[in-house]
C-alpha cells in the first residue's frame, strides 16, 4: 500500500469517526434537553423551551415529585417484583438447567424439546387466558400476580442448560471419584462455576421485569400496585392538559437515572446479557 | 494397594461394540500402561475401571471385590484427568481436601496428608492459590497431589502429560516414575505416546480397535512385536516394512526375495512360519546399516544428523523408501549411492494376517 | 450467539433405567444394556426432580394458557354474564372483515418494513465504525446502547416532550431553521414513521452489539491478507466483511422482525393508535379488544393471528441459523 493510499485511509477513518460523533450528539440530544429543562421552573417553561443553558434554575420539580406523587410506592413495587422474580427465576432455571444438561432421566430429551417449544410463544398470545386465570385465583393487584407469569418463560432454562453443558465434564467426574453426592455436586461444584451465567440471566430478568409494561398494565389496575414503568404511563395519560412540563421532565429523569447509573456500572454484563439473550 | 481384574468386560454404544469381551489382570503394585492410537478404546476402559462409564457386560474387580455396580467414589481409586479437572473455584488446599472431607476423614489427618503431599510435589507455597493462578506444570502437580492424598488402592491416569510442553513432560515423567517407586501403589496409565509407555510401564498393553494387540514388558514389546500393528506403533523412527516373497528355504531359516529383487537371509526359523505366498519383512533403522559390500543398494536422499547417530533415508531401486542408521560422524551425503546391510537376527517377518515371526 | 433449539434427536434411543444396578456377572447376556453415546451417568427418575419445579410452572402458566387461548378464540365469551358459546371460526371470519383489524395488520407490517432495514443498516454501520478498542469506541458504544435500558414509558415520555407542539425540541429546531413546526404524532402520515424513529433510537444498541460480536469473530489475519492484496476500504467491506457477516445480517433482520411485530407500548402511549387509526398495531388491537371491549374470544382470535405470524418468524430464524451452521461449520 502506498504512502498516499495509507494517508487517504487515515483521513477516511477520521471522517467516519467525526460523522459518528455528530450522530452520537443527535442521539443524546433529547435526553440532554429533557435533563437540562427539568431544572427550570414550570412558569418559565410555559414561555421558553429553547433556552437550555443559563438561569433560572430550580429543584422544585424534583421536590414536587418527592412531596406529592406515589412514585416511591411504585419504585418499591418495582423493586419487590423485579428482585423476587429474578431470584425465583434463577432458582427454577438453575435446577432445571442442571437437570437437563447433566443428569439423565427417562423422557428427558422429549421434555427438553417440549420446554424449548415455549420460546416461540409470544407474551401477547397468552395474556387473555392468563388474565382470566389470575382473575379466578383472585391474584390481580397482588405481587404474586405481577411476579408469576414470567417465571414460566423457558429462556432461562435454555441459557442455563447451554451453560451447564459447556462446563467440562471431568470436573464433575473428579467430584464423583471424590465420593460427592449428587446434590452436593450441584451445590458445591456446578453452581459456583455457573456464576457468570447466573449474572447474565439475573441482569436480563431484572431489566425485563423492571421495564415490563403489558402485563402490569393488564394485571395491576389499582395505582397502589403500579410498578414504576406503569406509573409513568399513568402520569402521561393526561399529558395534553398538563401545564407542568418541568414536572414531567423531572419524572422522566427521576425514573430513568437510577437504571442508567446501574447500566454505567454493569455495562459489560448488561450488554452481554441483552445481546446474548435476545438471540433465543 | 489393590490389583484390578477385568473379566469379560464389554462396551457397546447403541449397536456398535467399542470393546469386545476384554480380560485383563492388573497385578497389585504394577505400573500398567494402556497404549494405543486415539479411538482404540483405552480411555473408555480406564473410565469403566473408574466407574465413570457403565459397563455393558462383564465384571470389574478391585482388590478382589466386585465393584461393577459401585459408584466411582466407592472404588478406592484416584484419577488424574487429562485436563486436570481441578475445581476452579477452590484453592489448592481445598481441592485436595474436598474428597477427604466427603468421606469424613478427620481434619488433622487431612492436614497431615496435604502437608506431606505438598512437600513431595513441591506445592508448599501454593496451597492458598486458585488453579487459575498456577502454571500448567503446577496444575498438573496439584492434580497428582489431589490423587495422592486420597491414599487410594490404585491410581488411574488419563493421558496426564499430553497438555505439557516437551521439557515439562520429560520432567513430570521422571517424577511419576519416582512417585511409583516411593508409593508402590498400583498405577494404570493411558497414553498414545510410546515413549511414555516405554519409560514408565512395568507392563504395556498395546490396544487397537478395542482389542489387546500385545501385552508384555516394554523390552518384550520392542524386541518381539506380536503383530505388524505393534511393530509399526512402537519405536521411532517407525520400523521399515518391505514386501517380500519366500524363496527356497536354505538351512533352517527362511530366505526371502525383497521387492527390489535382491535376496535376504533372515534369522526366522523355517518351521515357525506359515507358508504364505506373500510376506512383509520388517527391520528397525538401528538394524539396517550402511555397507557398500551389500547387494541391496539405493540412493541416500535425506540425511538427519541427530548427534548421537545419523538417520539416512534411502530410496531403493524399485522406488521404495527405507530409513537406515549410520555412525554419528558418517561421511554419507545426500545423493550418494549406498549399500544396506540387514542384521538377520533383527529382521521380522509378518504374514498376511499381520502376525509376526521373529528370529530364534 | 446460539440457536440450537432443534438439534435432531437421536433416533430410537432406548431408556434403560436399571443398567447400572444390575450385577452383570451372573447373566451377562440378559443384563446387557446399550447406553447413550454421551453418557451422563445413570438414568434415574429421581433426576427429574431437578426439572420438576420449572416444568410445573411452565405447564400451569404457559402451556395451559396457550391451549386455553386457542379454545377461547373459537368461542364467543361474555365477560359480564360469564356465558360462553362455541362459534367455530366465526371470530376469525369477523376479523377478516374488520377494517380496524385490517388496518392494524397493515400498520404492523408497515412498521416492521420501516424499522427492520433501519436496524440492519444503521446497526451494521455503527458496528463497523465503533469496532475499535479505544476509549472513544467504548464511550460511543455506551451512548448508542444506553437508551436500550430505559423502559418504554420513559422513552415515550421523553419523545412526547421532544415532539410537543410549538414547544418541543423538534419545534425549536424547526423554528430556528425558519421552518413551520409540526407535531408528527398528530399527523396520520407521520405518526407511524415517528414511532418507528423513536423505536430505532430506543433499541439500536441491540443490533449494533450483535454485529460487533460477529465482527470480532472475523480473524484479523483475513484483513491483513486483504491489506497485502491492496484491497481498499470499500473493496474490503464488500469482499471480506459483508460475506463473513451474511448469516448475522439475516439473523438480525429476522430477530428485529419478530421483535417489532410485537410493537405495543410506543404506539399506545404516544398516539394511542391515532390519529385516525393510522398507527394502531396488532398488539394494541388485541389489548383493546380484550381489556377495553372485553371481547375475549375475539381478542384471543387476533392473538392467534399474531402467534401464527411469529411462528413463521421463529421458523425462519431457526432455518437461517441452522443453515449457517451447516454451511460454514462455524460454532455459534
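As written, the chain order gives the labels A, B and C, with residue 1 at the start of each chain.
By our rule, a contact is a pair of C-beta atoms (placed from the backbone, for glycine too) under 8 Å apart; a residue touches a chain by one contact, two chains touch by 3 or more.
Small disclaimer: the values here were computed from a predicted structure and weren't measured.
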| item | value |
| --- | --- |
| Between the pairs A-C and A-B, the one where more C-beta pairs touch | A-C |
| Of all other chains, the one whose Cα centre sits farthest from chain A | B |
| Cα-centroid distance, chain A relative to chain B, in whole angstrom | 56 |
| For chain A paired with chain C, centre-to-centre distance based on mean C-alpha positions, whole Å | 15 |
| Sequence positions of chain C contacting 2 or more other chains | 13, 36, 39, 42 |
| Touching two or more other chains - residues of chain A | 176 |
| List of chain A residues in touch with chain B within their complex | 168, 170-171, 173-180, 184, 188-189, 192-193 |
| Chain C residues touching chain A - in the complex, by the definition given at the top | 1-6, 9-10, 13, 15, 17, 36, 39-51, 53-55, 57-58, 60-66, 68-69, 72, 126, 129-130, 136, 140, 142-154, 156-162, 164, 167-169, 172, 175-176, 201, 205-206, 209-210, 213, 227, 230, 232-233, 251, 255, 259, 262, 264-265, 269, 283, 286-287, 290-291, 296, 299-300, 303-304, 306-307, 310-311, 314 |
| Touching residues (chain side chain A, partner chain C) in the complex | 1, 5, 9, 12, 16-17, 19-21, 24, 27-31, 33-34, 45, 49-50, 91-93, 95-96, 98-100, 102-109, 111, 113, 115-116, 118-133, 148-149, 151-154, 157-158, 162, 176, 182, 186, 207, 210-211, 213-214, 217-218, 228-230, 232-233, 236, 239, 245, 248-249, 251-252, 255-256, 259-260, 262-264, 267, 270-271, 274-276, 278-280 |
| Chain B residues within the chain A interface of the complex | 50-52, 71-74, 77-79, 81-83, 85-89, 98-99, 102-103, 146, 150 |
